[in-house]
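Notes for the one structure printed next.
Each chain carries a letter (A, B and C) given by its place in the written order, and its residues are counted from 1.
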Amino acid sequence: MNKTARRIVGTDLSCPGATPCDRPARELRIFCDQVWAILWKDVRCELRNKQAWTSMGLFALLVLVIFNFAFDLRVDNKVAVAPGALWVAFIFASLLGLGRTIAIEREQGPMDRLLLCPVDRRAIYLAKLLGNVLFIGVVEIVALPVFAALFDVPLGVGALLPIVLFGTLGIATIGTLFSAIAAATRARELLLPLLVFPLIVPVVIAAVRATGDLLAPALNEPPWLGLIIAFDVIFLSVSTLLFQYVIEE
Amino acid sequence: MNGTSSIMHGDRTVVNSNTVNMQGSAIEIHGLKKSFGLKPILRGIDLTLLKGERMALLGANGTGKTTLLRILAGLTRPNAGSVSIEGLDSEQYAQQTRHLVGFVAHQPYLYEELTALENLLFFARMYTVANPQERARELLQRVGLERRTHERVSTFSRGQLQRLSWARALLHVPHLLLLDEADTGLDQQGHELINALLAEHTAHNGSTLFTTHQLERALADSDKIVLLSGGHVTYQGETKALTLDTLQQIYREVTQ
Amino acid sequence: MALTKPDTSVRQQDTPVSTKRSAGFPLASLLLGGLALGGMLITIWMAFLYAPTDAVEGPPQRIFYLHVPVAWVGMLSFIILTICGVVYLWQRDERWDWAARASAEIGAVFLSLALITGSIWGKTTWGTWWTWDPQLTTTLILWFMFIAYLMLRSYMGRTAASARSGAVLAIIGVIDVPIIYESAVWWRTLHPPKEIGVAGALPSEVVLTLMVALVSFTLLYSFLMIQVYQLQRAQTLAERLRALVE
């Protein structure tokens, strides 16, 4: 049994033979494996809990329909309003969804189940981030064709996809970090929008403008997609580093 | 002398050079303090546990037994003091010390929507256990849950949850087992299975720190007894020097 | 087999901060307060009497001498808040957290004043209470960040988790503000911007008055920081004592 024990114990402790060069590569592989494991676990938990993502999808559709009534959409001003309506719907759906991946953990004491394990806290953040992007993304995929139909706008999906992808990533980067903070408070549904909205203003401006630019191309448009990508890169790095301070106890 | 300690031996000399004196210690705690918000719970704990020892932690509710175990398990950071597990400082080497520790509490720390096997496989990946499938199935069998391998944990009874929690804690062959009222909900069969696992753990020089309210249990299953009161260790002694009556008397005195 | 008596003394308390120092910084407080008062009086005199009346806007332009320093103090508070937060995360000394909260409270007040004075100035100059030019937009978002910070700290109480979360919010905010400003600038280049009104070279009296105003308000900020820091310290210690006694 001792030999079995030696084989079983994690690689960190029992690898005297490994060369120094192997270590980072192996640690990276373990890191990625753990991100993937947590993501897969979250997806499976959410899929088996049907309420969350069906409500999110319906909510996005409802917002779009309400916008249709709220704004008088004659042909000429449709293009001006449509991008804004789309992104407001996405943002509100995101806010609903952002709490989910963190809520999965908190059901039994704040994130204890994961914190118990020797898993890198940055891996937890990335897994939660990817989970959020996935959930919000599913809602967006449903909402987009409906959007095109309701607002009767031509939809070049190819060009729109990067905007939606990177925009959602930007919202989720900030949102995942702050949903971990807000989850510790009792007024989390109120607090999360308050924390997230001011910070995602650049993404909102850029995403709406970029979408509008697709529908009605204008001259001398600033590189909105570039701004979103820069935002994503900066805040992905910063949030990954800061996440551990938020979830430790 | 045997496999588990020789693994640590090699690592320890590389990682922490001043552990020559601490050969054989599983836990070393000095001046541990912890407050939750405004209330101080632990006000300066000094404790030592040697490898292969079993220690019973006694004390009234709210005296910080759970907090102490949670700090050792890496769930909470202390406000002051030092904690080292097998010579590794638990703050500096947090991830390594988590590998060494298995924690069973009255909360099972499991995911309700996943099946028993999925839970164990997940935690096996978190602890980088080699041969996860094999190990998970082996443990499911050892805790008597092989018939519920593919059933969702939300359908489990309290006793079954507890058994699965034990399986989760033992997946990575921990050197130190922390047990916080770990036998709640277990029936007779459950107790037998768990005791067998515990005996095996101790036979391989694994250390155990457990909390209990039952003085008889403390006397029967431990080598050392520690009493916590008012955030301090108010009594520490060898079990073999105690009888039930003396222990009851001490307990009463200390919890006044 | 030693048996030790349980310690029930309330006095054995682990405040990480020494309570020996009573009302700290009395000299600095007095000095800064005096200088700030003097500076303010000089500023008022200069703003109304020394500086020339603006040819284009007339007397209402003088609100500039209040608006700019107040906005400056608001921005400074946010930077100080972030620095204190970063040091707190590094040192885990709660005094840095008290300073951070103090800076946040002061900053929120000053930034509110900045928005109000900016709005009034806008009304007198262009006839509208609000315009979405980059400076005002960024100021507004920054104001929301202050409010979010204060609400977060309020909800989470006076715990270490609260301090850490506040610091994280401040760090993200401080990195975000330049990006917000830049995106607002891009956004507004599509619409003709309304000039704030100081086109061309500024006469030296205006510059001098502005400098004096900035210095005075910074002194005022420093003075207030000491007061509010002491307040934060007192509140935390009082809460802790209350919890022990209950």
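In this text, a contact is a pair of C-beta atoms (placed from the backbone, for glycine too) under 8 Å apart; a residue touches a chain by one contact, two chains touch by 3 or more.
Computed from a prediction, not measured in an experiment: that's the story for all the values here.
Undergrad: What are the two chains with the top count of C-beta contact pairs?
TA: Summing C-beta contacts for every pairing gives the maximum at A-B.
Undergrad: Just to be sure I understand: the centre of a chain is the mean of its C-alpha atoms, right? Then which chain's centre is nearest the mean of all of them?
TA: A
Undergrad: By mean C-alpha position, what chain is farthest away from subunit B?
TA: When every chain centre is compared against subunit B, the largest gap points to C.
Undergrad: Distance between subunit B and subunit C based on Cα centroids, please, to the nearest Å.
TA: 48
Undergrad: Using mean CA coordinates as chain centres, what's the subunit A-subunit B distance in Å?
TA: Those two chain centres are 36 Å apart.
Undergrad: So what's the Cα centroid distance for subunit A and subunit C, whole Å?
TA: From the centre of subunit A to the centre of subunit C is 32 Å.
Undergrad: Two-or-more-chain contact residues of subunit B, please, as numbers and ranges.
TA: None at all.
Undergrad: Mark out which residues of subunit A touch at least two other chains, giving numbers and ranges.
TA: In subunit A, residues 248-249 touch at least two other chains, as defined above.
Undergrad: Please name which positions on subunit A make contact with subunit B in the complex.
TA: Touching subunit B: residues 1-3, 5-14, 16, 30, 33-34, 37, 41, 44-45, 48-49, 104, 107-109, 112-120, 248-249 of subunit A.
Undergrad: Taking the touch rule as given, give the residues of subunit C at its contact with subunit A in the complex, in rising order.
TA: Answer in residue numbers: 89, 141-142, 144-145, 147-148, 151-152, 155-156, 161, 164-165, 167-169, 171-173, 175-176, 179-180, 182-184, 186-187, 189-190.
Undergrad: Going by the contact rule set out above, which residues of subunit C touch subunit B in the complex?
TA: Against subunit B, subunit C makes touches at 1-8, 12-14, 16, 157-159, 239-240, 242-244.
Undergrad: Which part of subunit B faces subunit A closely enough to touch in the complex?
TA: Of all residues in subunit B, those touching subunit A are 2-4, 7-8, 10-11, 73-77, 94-96, 98-100, 103, 107-114, 118, 122-123, 125-131, 135, 152, 172-173, 200, 204.
Undergrad: Which part of subunit A faces subunit C closely enough to touch in the complex?
TA: Where subunit A meets subunit C, its residues are 174, 177-178, 181, 184-187, 191, 194-195, 197-199, 201-202, 205-206, 209, 218, 222, 224, 227, 230-231, 234-235, 238-239, 242, 245-246, 248-249.
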